[in-house]
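So that you can tell them apart, the chains are marked A, B, C and D in the order they are listed, and the count of residues begins at 1 in each.
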Amino acid sequence: MRLGKRRLGTLVLGVLFLALIAGLVACGGEKSTESTTGTTQSSGGAGATGTSAAGGSGSADEPVLRVGALLSLDSIQGVEMKKWLQLFAKLYNDAGGWKIGETTYRVEPMFYDVGMWDATKSRSAVEKAVLQDKVKYLVCNWGDIPAETLSVTEPNKVLWLGLDFVDDSVKPTLNYAVRAQGLFFAQGLFYYICQDYIKQGAKSVLVVCPDTQQGHVGAQLVGATATTAGMQVLDPIFFSADTADFSPIATKIASQKPDAVFFSYVAGASLINAIGALKDTGWKGFILPGELDGETLNNLVAKVGKEYVEGMETGSYDPRPVEKDPQTLNYIDAYQQQYGDWHSEGCFWIGPWFIFEDAINATQSTDVDTLVAYLTSSKKGVRTLTGYSQLFARPDLQNYKTVDSAPGHYIGVVRDGKFEYLETIACKDQYLSSIKVYGLKDVYQKYWDEYGYPEFPDQPARLDFSDL
Amino acid sequence: MRRAMLFKSNKWWLIPAFLLAVALPFFVGAYRLQIFIFVITYSLLALAFQLTMRVGLPRFDVAAWWGVGAYTSGMLMLKANMSFWLTLPISVLVSVVLGFAVFSVSVRRGMMVFMMFGMVFALALQQVFGSVKFFGGWGGTPQLPPVTIGSYVLNDKMWIYYLGMALLIFNLGVYQLLYKSRIGRAWSAIGSGLRLASSLGVNVVGYRLANVLVGNAFLALAGSFSVVYQAMIIPTTYGFQQSIYVMMYVVIGGLGFAMAGPIVGALVLTLISESMRAAQQYQPIVTGVITVLIIMFAPWGLLGVLRSRVVSVLQRLLSSRAALPDIPSSLGSPASVTAEEPGKDA
Amino acid sequence: MTLQLFLQILVNGLMIGAIYALVASGFTLILGVLQVFNFAQGQFYMLGAFATYAVASVLGAPYVVAILAALAAMALLGILVYFSIIKWTLRYGFFHTMLATVAFGTIVGQAAVLKFGYSTAVVAAVVDKTLALGGVSLNSGKLLVLAGALVVMGLLYWFMRTKIGVAMQACAENREVACLQGINAGKVFWVTMAVGCALCGVAGALVVPVLSASTNMGQLIFLKAIIVVLVGGTGSMAGALLAAFLVGIVESFAFQYVESFAPLVIFALVAILIYFRPGGLLGKPLPIPGQ
Amino acid sequence: MALLETRGLSKSFGRLEAVKDLDLTVEQGELRGLIGPNGAGKSTVFNLITGFDVPTRGTVWFRGENITNVPAHKIAQKGISRAFQQSYLFMFSTVLENVLVGCHMSSRAGALREFLHTRSARMRDREARNKAMEILDFMGMAHLADEPASSLSHGYQRCLGVAMALACEPTLLLLDEPVTGMNPTESAEMVERIRRIREKGITVILVEHSMEVVMNVCERITVLSYGQKLAEGLPAEIQCNPLVVEAYLGKEEA
């Protein structure tokens, strides 16, 4: 007995030391030699990084284009974005590689888990990507902390195409950061919905947000939009992000008697519980859910019944019923073939990949400076899975480079327990309604006078420059 | 009352370990050095946990006090433009004073209340960091100013690493001095026999309070240190989960090893976690399984196994009596089952 | 404040209090009898909710069957955990068993995330009516949770008076004396673990038609159980039941006025209570090691 | 004024009354025996006097001072120390270190000095060590000073317990069954040492199971039964007291 235990102890020790050695090896990674084009020669795929998924059976000498992504694999969005990136890489690699200029590259997506708003994980992830693996492009980041990430990417001249909720990444002092999935110019969505709800008779609105950074930013923006659209905005309600029991929140909402409730950054279980609790209080009115994917809607209908959510409008991230663009349809087909399943959570947030792809294809270069020069003087919209996404300047922050994006969005409406496509929000409307909401007309007018008006993709729009 | 055996009889390994630590920046790249900087931070946290553990009080507010240190330093640098070197002692002071207010409520109520009260405090404190506008909200503070020495900006990884090393060695020194003194003797006595110690006139509540506050000072140093390499401070870093990891560091390293245990534990777990970067979703499972295995088959941690290996080899060579590492018995070493009577706090 | 609002808040508080009561009494039972600080308590609650979902929504069984299934499944899992982990770590003492449950909870929590993903499990409301009481409308789903919880508490009260229940109490008071009196401590231990975990399972099962199940629901409820146990007195069952409702109601009212600062209100409450009444609300706690 | 005095001291655990209305007076310099059948509440009395248990009713006076609700360590600092019934030691420390904890109170030099190991702190430490060695020498175990406590024989473990209590420089020493489990030689040595302790001017209260030892060493004896005082007097009186015989010895006959 005693001997057996001792042996087991030794076994545990042995396994742990093996694990430790594995850890040291993995932290070390492969010694990669940097080439001037910002790509690296693969050293035969020792697999130490374990991230080179997505097929691709190119020879060892083939040049490799490493595309990094800092993703929170703790969240469904992160997982979905990883799947999309693997798919995009696979499509290129199956077709023999990505031809850029004279060279054909094998695409290797590199994923780095950053936890969820975790400063240390974020830091070690970006340092591994930039300093160890010599990744030159970080596209599609989700859950990282931009201030941490940028403090590593900027001095190392790494292109950062990410997302942040404050304006850390669009400061004029930064040279290699582009907020490719911005929400600053995304007020069109709420503006449209506010107009729709006002038409149906809503007069006052209450914004409900989780007590997080996104929540606070969201509450401010949504509130401003509703005010601009002509609604009376009540004091927003913030609730702890890990709340499970929404009854007190619903009770508080109902006690303020708003006509409409806007949930900002409330999704999944929280959204279902929140709406369920609202129904329990007997409150009836307009609801704007923060995010609504098919599965959540089905669950919601199972919980509160069809009638309660009839006519609810929200931003849609599911391109399937909308998109007629053949390229997008191909992607959706390929996704369903590859994974046999469908989730729409990643469709919207994967947008930066298309901006990156467009920049490389347009410049036919892998040089970071060239790419940055192209992106920061971008003039046109890029097609993403969810419509056009376009980069704009931020003259209100004295940043005259095009570094902040208006993302593509659709509005959907719930009819008979099903999500139906209602309309597409034009890039122009996203841009103009946001400027209108923030009351920045004068600043932008000066910018336009000097640099000219931006051109937008050809879409029907509700607003024009004269409407500001 | 345990002898710090590692530092008494086996001192020799300290020298190569120290040399290795000093030489490390010359061998590893920037990213790996950053990992070791994290290891240093976690070691500081684990040391504070271990310190308090040795008076029989497991604490689950480690991450919260780490946050207090970081926020004090960061806020003073941001809002008052203070030099980092000035904020370092201030953060220690704040942590100790605030700690005194909190712990004078809970320490006298015994281990269980201390532990649970700590959890509740940590929860509330995180809410304060997140929800109070002054601290910058859940998205974290604005970008912190760089740490400077005179006109030199401390942003070289190597010097940050050495600063961390210096702090770690300072902490170890304080730890050692304390445990070699009369105070430490009282702490050890409380750890291995609460009632016996109080029957001999040791003021259990007072000494425990002092111990927890010294731990707080260690945590404040760790918090201030993390300000040096972090671009900003974000409340989610200082959550409950981090406190649990700290506890795992200590146990995996070896509970009976006052100083080497926490460091080895932090090193092993951080490296394992880091090596699983590509498969982070499995990392908690792996960590959990390792912990369970360690508890079940090697209750005195990795160093305990190593020690008993070494001892058994020596035993065969010298055929001398082997000594297993000793554990403060109130933590439940087999010997304490009969020794410790359940009953009221002293 | 109108009467309706007041009653709404009160019912909210009572309902969540009932859930806290079940989880916390299971926790405090295990703590008192086994002297194990069960960190995985919240995960049992989460698994109970998912088990109910599996039986009620996926298999289509009646809700009552689903509750019983969740109860049985969690009791079995509790026994399994006892025999696979806790039994072997008990001899190393309090700290080691606590850490074993921490590790087990981490494994279960993450495994659940991998298995169920980030999606939500929803069980349709069992009674979908709003109860009108003299002009005040109250949701009957919540009242059902409250009623179910009260029934379970009644059963628990009865159980603690059966032979094995009395043996459990004896073990909690003084393990050595209990063993001398011929109580089989081993049996008492695994029964305690089964009961403690089954209470969580029932809590999860009861709550799932009102709140849906998600993989992260366990962590917070565990911390709430800690607060409840602190307020009620460590190791005191009756204290836990009483304190749970108190904490639930305070939380519910606090949210109405200070929103996300509600945890601070609770903290202040706990601190004041600990300062003036160290034994919690109901004074005489069970002996706990290392005090 | 009596050295130690209890008035109406009572302690109940649930329904069980372990000690009931005990009035006990111990004079300076006395060597008092406290006997009684199993479960008579002797150890509980010790716990109540030393502050390990809070009495349900009644008061404890020590040198004219009410010490009823004073914490255990303060009572120890006031001059009451005890040796436990079980071998309750710091098992992983050496014998000397065990005794040094007993010297804790007298070796104070100020926290900062102690932390920095200044000369005065080191001097205090050396003094404490000398004193500890003296006590060990007195208990006849100086040669074991560097052995871990767990390696001692049972008899020496009991001795160490007494040594630790002595290191606190007590006025009143409470010994809980000091000779249990000792062989006759060790037992005789211990009895001799208890006498010498008393000769040093330390008042001793002795709880002991072995009648022989108690009758041999104590001047006055108090008999407890079911938590109440049954009798008090000289050894000879006690031996003849019919109540005692019935309660105590009667059981053996049955």
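Note that contacts are C-beta pairs under 8 Å (C-beta built on N, C-alpha and C of every residue); 3 or more make two chains touch, one makes a residue touch a chain.
What you are looking at is a predicted structure, and each value in this text was computed from that prediction instead of being measured.
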| Which chains does subunit A share as contact partners with subunit D? | B
| Which chain is in the middle, if each chain's centre is the mean of its C-alpha atoms? | B
| query | At what distance in angstrom does the C-alpha mean of subunit D lie from that of subunit B? | reply | 39
| note | Cα centre of subunit A to Cα centre of subunit C, whole Å, reads 38
| request: Let me have the rounded angstrom distance from the C-alpha centre of subunit B over to the C-alpha centre of subunit C, please. | output: 31
| query | Got the subunit A residues that touch at least 2 other chains? | reply | 74, 211, 238, 240
| query | On subunit B, where are the residues touching two or more other chains? | reply | 127, 130-131, 281, 333, 343-344
| remark: Each of the following residues of subunit C touches two or more other chains, namely 113, 219, 260, 263
| task | Using the contact rule from the top, write out all pairs of chains that touch. | result | A-B, A-C, B-C, B-D
| If you look only at subunit B, which of its residues touch subunit A in the complex? | 29-32, 34-35, 38, 127, 130-131, 137-140, 143, 229-234, 236-237, 268, 271-272, 274-281, 290, 293-294, 297-298, 302, 305-306, 308-309
| remark: subunit D residues touching subunit B in their complex are 50-54, 71-74, 76-77, 81-82, 84, 86, 88-94, 97-98, 100-102, 104-105, 107-109, 111, 114-117, 121, 124-125, 148, 150, 164-165, 167-168
| Residue numbers on subunit C that touch subunit A, as the complex places them | 5, 8-9, 11-13, 15-16, 19, 113, 117-120, 122, 124-125, 128, 130, 137, 139, 141-142, 210-214, 216-217, 219-221, 251-252, 255-256, 259-260, 262-263
| query | Which residues of subunit A touch subunit C in the complex? | reply | 74-76, 211, 237-240, 242-249, 251-252, 254-255, 268-269, 272-273, 276, 280-282, 295-296, 299-300, 302-303, 305
| note | Residue set of subunit B touching subunit C in the complex reads 53, 56, 58, 102, 105-106, 108-113, 115-117, 119-121, 123-124, 127-128, 130-131, 194, 240, 244, 247-248, 251, 255, 281-282, 284-285, 287-289, 291-292, 295-296, 299, 330-334, 336-337, 340, 342-345
